[in-house]
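Next come two complexes, and both contain chain A; in the first it sits with chain B, in the second with chain C.
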Partner chain A sequence: MKEVKCDCGHINPHGTVLCESCGKPIEGNQHIDGNDNHKLLNMRYDGTARRSQTYNKSIIDKIWSFFSSVKVGVWLIILALIASIIGTIFPQEMYIPAEAPNRDPAVFYEDQYGILGLIYYQLGFHNLYSSLWYMILIALIGVSLVICSLDRFVPLYKALRNQKPRKHKSFLSRQRLYSESDAISEEDYQLIKKNLKKNRYKIVEENGHLLAEKGRFSRWGPYVNHIGLIIILLAAILRSIPLFYMDEYVWVREGQQIVIPGTEGQYYIENKDFILETHDENDERFREAIMQEGSVPSNFQTDVVVYKAEKSIPGAKPELNAILDDSIQMNAPVKFDGYSIYQQGYQLNEFTNMTFKLHKTEDAEEEALATFTVDLTEPESQYELDNGYRVILDQYYPDYYLDDNGEPASETNFPRNPAFVFIVYPPDNTEPEVSFLGIGRNIDATGANEYKLGILDFEMHDVSGLIVKYDRSLPFFGIGAAIFMIGVIQGMYWQHRRVWLNRNENGVLMAAHTNKNWYGIKKDIEKAIQNTDIKMVEDQQELDEKG
Partner chain B sequence: MGIEEAKIKKHKKKRNRFIFRISILAVLVGATIFALVSNSRADNTIYRAGDQAPDFQLQQINENNEWETIQLSDFKGKGVMLNFWGTWCKPCEAEMPYMQSLYPEYEEKGIEIIAVSLDNTKLVVDRFIDKYDLTFPIPHDVTGEVRDLYKIGPIPSSIFINPEGEIETVVNGALTLDRLEGYLQEIQPK
Partner chain C sequence: MELLNISSTALFIAFLLYLIATLFFGATIRDKRTDNKKGIAGKVAITLTIIGFISQLVYFITRWMVTGHAPVSNLFEFTTFLGMALVLGFIILYAYYRLSFLGLFALPIAMIIIAYASMFPTEVAPLVPSLQSNWLTIHVTTVAIGQGILGISFVVGLMYLIKQVDQTTRNKKNTWLEIVLYILFLFIGFIVITSSFNFANYRAEFEYPLGNQIATTEYHLPAIAGPNEGVLLTDGAFSPLFETPAWFQGEDAGSKFNTLIWSILAGTVLYGIVRLIIRKRIGAALQPLLRNVKADLLDEIEYRSVAIGFPVFTLGGLIFASIWAEIAWGRFWGWDPKEVWALITWFFYAAYLHLRLSRGWHGEKSAWLAVIGFGIIMFNLIVVNLVLAGLHSYA
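Let's turn to the complex of A and B:
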């Protein structure tokens, strides 16, 4: 590895663009920052040697220099972007609809989307976001972020810490703001120094040369910003660990007391009541919506009791102690011991039980010969009634509908629309009779039944859909986002301004550089050189454009 | 500063840089591996082909079958088809006759078909058994615990377990007679 000795005597590491000490452009390296065809110097990273661009020897160094390339980083981001887009073309595996003819992904994609679907499946896009290669791609972006930042931060930090006020003429004259004046008096020099100090510039002097600098910490903005991003990435890793994130959905029926999933059997919940309230139908605000929909809900609420289970032998009934008696409303969860429970869904009017009465078909008064109650959570196959009647529950459809063949069937497992086929055995051992009963249906199989069944009464309950979750990774996302924002503010609202003043026998060279807001630094200089003989700096970029 | 001294200094600097880079890379690679492993673990709550099938015990409710309770571990050494179904589920109903038609033959060959019912009430299951004359054991998962254990989504779902108690295949969705027979042959004890 060759080191480069500058005319000023400073020895620069290989790959340096501008001498670390005097700033003189180093011959042969100007292509690195694209200075060769421009009058002005590119000041990024202050012309330091980014080692990765010049030095690769061991395998570690090669890996390092690969990831330190911003170009590589940008390509990784583009690849991740394209992959993410492709992942949204067809549904992901977990969203294959339940009613699909075949939910096996090997069949589903080709079935539904033809050859494109087959390719999609075979390339593994059906399970993209948790696939190994996608996660590795995201991890590579993280690696690139860390190495790019380190590889630029370290040399820049060193360069700015070791700045010398004395600069080579070719460095100064190729700054955007530059002027040459005749020699100035010592009073003028002191006045400029005082003025710059008043403007909160930090002054470094060396043999009558001056460097005034302010806002250097603005240069660290991007790196602070990257630290924030890395913390956010780490938080995303933490979120994939069950210890940090849990999310379960549970249906709880009114009156039911069940274990809360995701709590390892430690907590139970009881649904005391589900409440659905609607806005007053005369409410002017919702007049149109009410006309369209019939009603507008104003409150979804579940009154719950949460119990903590005493640890007992597995399988044995736990001993429960109520720890919380509260209402869950939409967007107002209950919280206990780090868990939150949110109101998420509901089902109204499931049947709990139904009471029937038996009467003679021709009895206009429908006087009950006997009554019986069917518990829909545990229906029995036969019911012995008063007066010697016997009823067999032949078929029970919890959620009755007619299927494609016109046969009675149940659409779900839940008693939302119960229907029954009863066989009635009269006490006198005459022929049994078949009756079909449902909500709003009472069909007599033969049309000549002597006895008729009717629904006398029923009880109903609602079902609450609740989300149980904890997200312990959120504070980390918060910290990461805050640091990210601090970095943005640091880089956006402050500028790194530098003014060089070099004096020699022939006169004074003044140059200035800022990373943004050139107007501001010009104002600063104007203020500093008031009432002195020094010439105002000229903006050479503007001259360039005019020429 | 002599040339020798400068050389040593340079050498030291190079070594420090190497240590710095290798430790940063090690941390990054470590974090990546940790992320990948923890992510695949999260997926591991779902049992897949190659995993040991978790044990459970349930009440058996098919009166045509002599088992009173079903404990999966009792069937070690036999191939087991674990089917999750419900009476309201049409595709489940469609594959039941296939299972019944193959059951007597494959039971002799050392395979047990266990059809876990996810129904809420025993009555509907009883009526269903009568309708199709089912003879294989039907454990009743009233609380949904076993469904949760196996993280069964939409039904029907069938899990084919080999004589070593390892999951051979997981099939989501209904089976045809041919496919069913093929899967049964895969788990047949040799």
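Let's turn to the complex of A and C:
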């Protein structure tokens, strides 16, 4: 492609809008930045030649142009915003409340929200944020970030490096801040220069022309923060690989020792104790709040021991060595060998075992003929008792309730409200008898039982819900977030300010440009030209006039 | 509870000082007309604002001393802090631009927020385990400061619209502006009606089915809408005119819906009274106040406050939030409604900042965006907490 030679002699790349050296608008390219219908020049990228605005032949050019448009970028952001809103209309599948009558998403949404809920579910909005189209949307934002940044950064970098203090009049007069003054004395010129320097402007001079510039590095802010965002998006991809991310939810009973899922049998965990504490109701400070809202928990804690399994021979029972003995609390996870364990849930007062006694129905003293204990985590099907009695555990409902048909059933598999159907075989081989037994229930099916069972004793335990995980993608997210913050602060808290002062035989032309904070640059100029004969720049863009 | 009394008194004093400061900022309008230098009224106003801010800091610190945790853990505490952050944002931007008119609009908005906050239970409450972390302080205060600075862009955007929108005849733009102002009246209506019945100590208890259980709920306003299938328990209390529809989900849905109805009624009555007195649109009545402010300057302050607030919000609302979530729940991002709405806020202001690069998105369009942006922030504070409650249901 042919290059464009400006009147000043500088050779600009094809597609340049404003000469890189003197800023003179290059004929035939003004439509690119929309300068043709405006008095003021569009200075966003200093009128540099951007690939997206220059080439539009091949399909790659077209895709490049499409994604490099800020308009497209903003539309992608708006689409992601609207999609995100849709996802909060009803709860996502993972946030279906635990107390919902039916947590099956196929039922829940229609049940709770009617026809709208049904549509929501059928469109897949109950898993919106992991849906393919949402992820594609985010990925497109990523593509747009990369292309936008490359399209602009390289030419802008070159242009800002090539700029010369001497500018064409048509460049200066079409800046937002501009003034023309009569020729000034050399002292005035030196004073302005000194004042600008004092204000930390960098001064470049060429044949009596002056360019004062500060905060150029803020122009790189957007590109830096985009790099940060790209790293975050890449980290999100890494996180979907098992090598980088694993998490498992595990329930451990007090006293139980189990292999930690997701560790390939390498680690075991033992729950020594689950502790739930509440805030002191007599604490004078909180008394009123606790009276209104009920007791407030102050601590969820599981005391655990983690073991590492050393397998000397494959297949042999592993030897367990304790490597960690610690307390896991909410907001205080524990770590071992790259894994972390978090306190997440708990279940209080499950039954560990129950001891029953057998006695004659008519015996008012209820003197025990025999006793037996059922381990509720591993109930046996048959119990041989003293004196020749035998009991068969015919049915076991760990979490007993009557279902919709009035039939006994178990709501969960956890022994929270155990109930049993026992068949009692007396030693004399008479007919076996059926007994139904639960907490607060003791039903004799026929009403003619000779023997009766009663609950003698029981033991209880708590259960801890723990999350075991590793996330090796975290450092990448951290780096991405840090770079984003640096970039966004660099771009937002500093501004790129430039002041041009060109002297010719007729007088002085002064113009200024900043990417934001015009109020600030005006104050800088006011300070710089104090006590000189130069005219204050005029703001050529007044919003008041438009309105 | 000596210290707690000091704390609430300090908050009250801060509120009063903001009120008086607003009046002084109002007095600067006349100053401006005669000469360009700062008058005495402006100096008094900003001094009072700063003393008010310090008084609110006293409230904050003493309450922290009483509870042992930074007072940002429930709706009252957080919203009060947001009001304080808005004042801080105003002080920062005033220090740079010295625009007295900003105080005339920013302080009343801050006062509405603080008064709104005190309608929620103000007792000091202990922290549940998930909130017991230093990240509570770090995350929540940073978010609030970010939102406070972004709030200034709303205030300035609103000023821009009041100044620039044509009020000669009724049109679409000034109708929308009037709706925004009307919404502010709804907040005032809520505050007035809630404090009146609180003062009268009105109580009515209802019983209603919640899931599989029977729950009770206490109304502090006479029930226009009772709970769905609710039964009034309190003798002598007004019985409801109708029931809250069943599709209002969740605990206390009836009481929240009832409060909403009352706020709309009271706000509408207030708005109606003001309209009857001034006999024109509120926007039209406010317009002359801003005659001497340059639209350009307003546009710039609005952009600046987004530029300053956006990084702070990102840091507090997304980055610190993620770090804490990782420590507390083992996942830094969980698509909880509050998190999603923080992301939506972020998307919105990112779009705003990109649009500012284009011609044609300065001035009025940009001012509308600033107003909508703060609308999203308030939505996240009010609707997400009270209606879409997720993990952040406590605040």
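Note that the second predicted complex is superposed on the first by the 431 of 547 C-alpha atoms of A that agree within 3 Å, B and C clash if a C-alpha of one lies under 4 Å from a C-alpha of the other, contacts with A are read in each partner's own complex, and residues count from 1 in each chain.
FYI, contacts are C-beta pairs under 8 Å (C-beta built on N, C-alpha and C of every residue); 3 or more make two chains touch, one makes a residue touch a chain.
Since we're looking at a predicted model, the values are computed, not measured.
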Contact-wise, after the overlay, does A:S410 reach chain B, chain C, both or neither (first, second, both, neither)? first
Is A:K198 touching anything from chain B or chain C once the two structures are fitted on A? First, second, both or neither. neither
Under the stated touch criterion, which partner chain does A:P379 make contact with: chain B (first), chain C (second), both, or neither? first
First (chain B), second (chain C), both or neither touched by A:H279: second
Which of the two partners, first being chain B and second being chain C, lies in contact with A:Q329: first, second, both, or neither? second
Check the residue A:K39 against both partner chains and state whether it touches chain B (first), chain C (second), both, or neither. neither
Between chain B (first) and chain C (second), which, if any, makes contact with A:R441: first, second, both or neither? neither
Comparing chain B against chain C, which has contacts with more of the residues in chain A? C
Quick check on the superposed pair: does A:E288 touch chain B, chain C, both, or neither? Answer first, second, both or neither. second
When the two structures are overlaid on chain A, which partner does A:G142 contact: first (chain B), second (chain C), both, or neither? first
Looking at chain A, which of its residues have contacts with both chain B and chain C? 100-101
Chain C contact footprint on chain A (complex, rising order): 34, 38, 42, 44, 70-71, 73-74, 77-78, 80-81, 84-85, 87-88, 91-92, 94-95, 99-101, 112-114, 129, 247, 279, 283-286, 288-290, 292-293, 296-300, 329-331, 333, 340, 342, 344, 467, 469, 471, 474, 477, 481, 484-485, 488-489, 492-493, 516-519, 539, 541-544, 546-547
In the complex with chain A, residue positions of chain B that touch it: 17-18, 21-22, 24-25, 28, 31-32, 34-36, 38-39, 42-43, 86-88, 90, 118-124, 126-127, 148, 153-154, 171-174
Which residues of chain A touch chain B in the complex? 51, 58, 60-61, 63-64, 98, 100-104, 107, 130, 132, 135-136, 139, 142-143, 146-147, 150, 234, 237, 240-242, 261, 376-381, 393-396, 398-399, 403, 409-415
Give the list of chain C residues in touch with chain A in this complex. 1, 4, 66-67, 96-97, 121, 123-130, 132-133, 135, 164, 211-212, 247, 249, 294-297, 299-300, 303-304, 307-308, 310-311, 314-315, 319, 322, 326-332, 334-337, 340-341, 343-344, 347-348, 350-351, 354-355, 357-359, 362-364, 384, 388, 390
